[in-house]
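Data first, discussion second: the structure below is written as structure tokens.
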């Protein structure tokens, strides 16, 4: 097992990884920008190294400084968390060069799976259902027109190297097509540095359902069930739950099986997530995320496992500590991402947390790096806490979540707590009668 | 189901009950002393009624004011929590008179089971193993000498109507006997108003193990496993865990069966706890507690149930929502009672909580009524939080507890957090090699 | 005002204990502040006249009243609140057909009955602990009241 | 009021204990405040001399330095810290056998090399951004340093 792990991240995920390390008896090294001197992850780690000024580009994304911090710290492994350098194959290679284990897939796998169009093509060939679309990215406008016609409108243009809704366009007819293609290319280039675009059939009313998997070095691949992340605002996940309330048992089993098969086809190792769209009848693979995700606690609480510890064990060369047959969902679990935002207009609301009461009691988990007096910085992501609850049924979990949202007091910054109270009491949420467009349509007036 | 429940208590247990009510969609009424105006239970409840000045006798124990608050509130049920009026049969009768359901056993049962000597005698007759001792209380000194000789020294004198170590004396030889008897009688009279004393064989190195049961009005009685509460300081529980790490599977099953049998013999309804001593070979019934207990979350987390909700449902006349066969321990769970005390000398340490960081993350539950800025009053119990963790094994739970104790920040008052760090790293705790005298001997220098 | 006069004034103020002095003419507006007036926002302790804010009610209630509560209340000088010593229902008269014990403006002697507090079917007469004039009746007839709830605002007459 | 009178008044106020003086004519509005009038609001701003506490280091570092950090540091007047612009290993000399670039007491010109910062096997020479005298070397030869860590305490000579 590792002796010392450097966590190349900040905020709640850095705290989460430090907790897992402490429980495994592994020393921890935090890295931080000058903005984060007083942050919780710095306080909780055994050591801390300042890696740059507040701007993420000059600190948490600064390969040079993070690498030297790894060298200086004497750590034997690095946990990247999510975001920042977590999906950067160059960072994985640097870790390799430094003789330090990167906790995640190897550089080759990460790089290979970053090309979403290619991954789709490979899985398609192996009988994994994917959304109908182009084989790989489309280079010229003539082929685009041909491919779009063959798939049938509406279609979706997507950045092959992208994510988070950037470089994405819905096209409903051929006369919108070329303009949308050019705009998507520009946006993809600006956001991800590469402008490859591929085409997919646009599913009008999809549920977004993903499967958590974890694989060791011995060829064992298990799934830890699915998470339903349909509740999104402008392609950003807001609320996740498990099990998905819309899957029939037969479809659920087939989905799990498909995800494990896909992970095997792709030769994936460590924790990863396979994302699918579900149109009410069938599911279609869309992409694989080669890192731990924000919403991993949903699966942890539902199945009673510790994914971060398991990631660390698997990276240290151990076999998975559980078999598929031992994993059964024990509860219904819901997670809300609490952001420091104006709940009406969703502007970030940085500031200092003056009053704080964090909900507790039975079946409640809160992952946060925020304490009374913490500064919420404008430099980083506005998510300040993940509130996760379990219940014996979805309805019990929903009521517990409402109870917790009522209890939650965060003074000094505006948060999305009131917004979640509204969502959780809508008839659509209660009856599972919504798709990924629900929030945008209902609360933002967007088609 | 009830429409509105009045919680005749304060602090974390009042918050705990309010949480359960909110999740069941039941309105809540808090009662509070003038000292508790700003308390969490007052803030979280739908309504709140002031019932007197700070002294508990004039407020939380003031039958007259609590009763009138029940009448004024228009509630249809009362939850007594633990302590205060929770074991007072007169309070139950008052609730009956007011046409309001008392959430707990009926007055007759409560009164009958309060006579510990008599309960022991009844169970003894029904084949339930009890600690060898007198049949009921001993009235005169001549019978006492005779009984003591028959049982064999060392013996234990206990107050029939008592609890919490008051009116209790260990006697090692006949020449100490009469002095100890008179002292115990005086103490019992002062503490409980009645001076009946009974005699038990004194077990030198006992483990204190109790079984949680819950029974509905239809004759269903189930146990929710055992809790090992061996770690005590001067007969006050400090740390509880489940499953007990010293029971073999066969003994554990027998203990559970015995507890359910005893509850049936005693005609018990609602949630209750049967306490046993375990001498390494056999277990002996000592008493039954006719209320929810401080440490109930240990069983909740271990078995994935909600005891407070179940109590409420059963009181409302519903059948138990789970069967015995559905209840299996899923985790190893440990609870630490965090007191506002000087950790060296155990004096209460009232004050204002200035800084607060409550541990979180996977497998952690915190029950507390304390927030940043809360006042810890000298008028009431010094317990300010219950920290409960689960793990896949006892060792994982122990390490997680240590991780949480490291994270826990409470500024402004002294707490027992550092004391628990010491206990949890002793060789005795790690190897389960201790009895109920461990803390007193090891940390307080008491024989 | 000429310079000499102004200096004279300033010398006068300098030697004084005032740390702030404000003066407006025509309208005659004077403000004088000693340094104590600025110590750490202690509005409560620096109140020029210690107004009796506590309720003066039967039993041991006064000493139970907490500092924090005093701040919340805005009771005029010389007026005190009479608070409920129990959880109860408040009645202004001994029976629905009787006239109220007291009305606003009434002056009552020590020992006069002010109202009935009904609790657990027992009618408790609340008596005045001191002579006073009723300035305001703060609760409605038949209203449920909690412990420490203000019932009357009165002016002490002793 | 003529200039002479105004100067006179200013001198007068300067010598006095008043820390604030306000005067309006026609309507006659005067405000006089001693320093005690400001206690509680502003302990920090009442520091007698604003000491330059910021480190003056290469690149864009000065503007990154945060208010909170300034308070923590106790740097003498006129002295500034030169901080590390990267995570690195600190070397005083280009090789183990070479003499150190600088010693305490040395005066260096703008552009003179102060030390080597080795990061990812690249030797980075840290140059002085301004002429200064080395007052203290704050880290050991071969020591690992983090971003923003003070390396030298120097006296500016410009």
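We just call them A, B, C and D in the order they show up, numbering each chain from 1.
Heads up, the rule we're going with is that contacts are C-beta pairs under 8 Å (C-beta built on N, C-alpha and C of every residue); 3 or more make two chains touch, one makes a residue touch a chain.
The structure presented is a predicted model; accordingly, all values stated were derived computationally and were not measured.
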Touching chain A and chain C alike: which chains? B, D
Based on CA centres, what chain would you say lies at the far end from chain C? A
Just give me the whole-number Å value for how far the CA centre of chain A lies from that of chain D. 44
Report the inter-chain centroid distance for chain C and chain D in whole angstrom, where each centroid is the mean of the CA atoms. 54
Between chain D and chain B, distance of the C-alpha-averaged centres to the nearest whole Å: 60
Contacts with two or more other chains, residues of chain C listed in rising order: none
Going by the touch rule set out above, which residues of chain B reach two or more other chains? none
Graph class of chain-chain contacts, one of line, ring, star, complete, other: ring
Check the chains against each other and report every pair that touches. A-B, A-D, B-C, C-D
Considering only the defined contacts, which chain D positions touch chain A in the complex? 60-61, 64-66, 68-69, 86-89, 119-120, 144, 146-149
Which of the residues in chain C come into contact with chain D in the complex? 1, 3, 6-7, 9-10, 13-14, 19-26, 33, 35, 38-41
Chain D residues touching chain C in their complex are 1, 5, 8-9, 12-13, 16-18, 23, 27-41
In their shared complex, at which residues does chain B touch chain A? 15-16, 19, 22-25, 40, 44, 297, 300-301, 304, 306, 308, 330-331, 355-358, 360-368, 371-373, 392, 396, 399-400, 402-403, 406-407, 409
Taking the touch rule as given, give the residues of chain A at its contact with chain D in the complex, in rising order. 34-35, 37-38, 49-54, 59, 64-69, 71-72
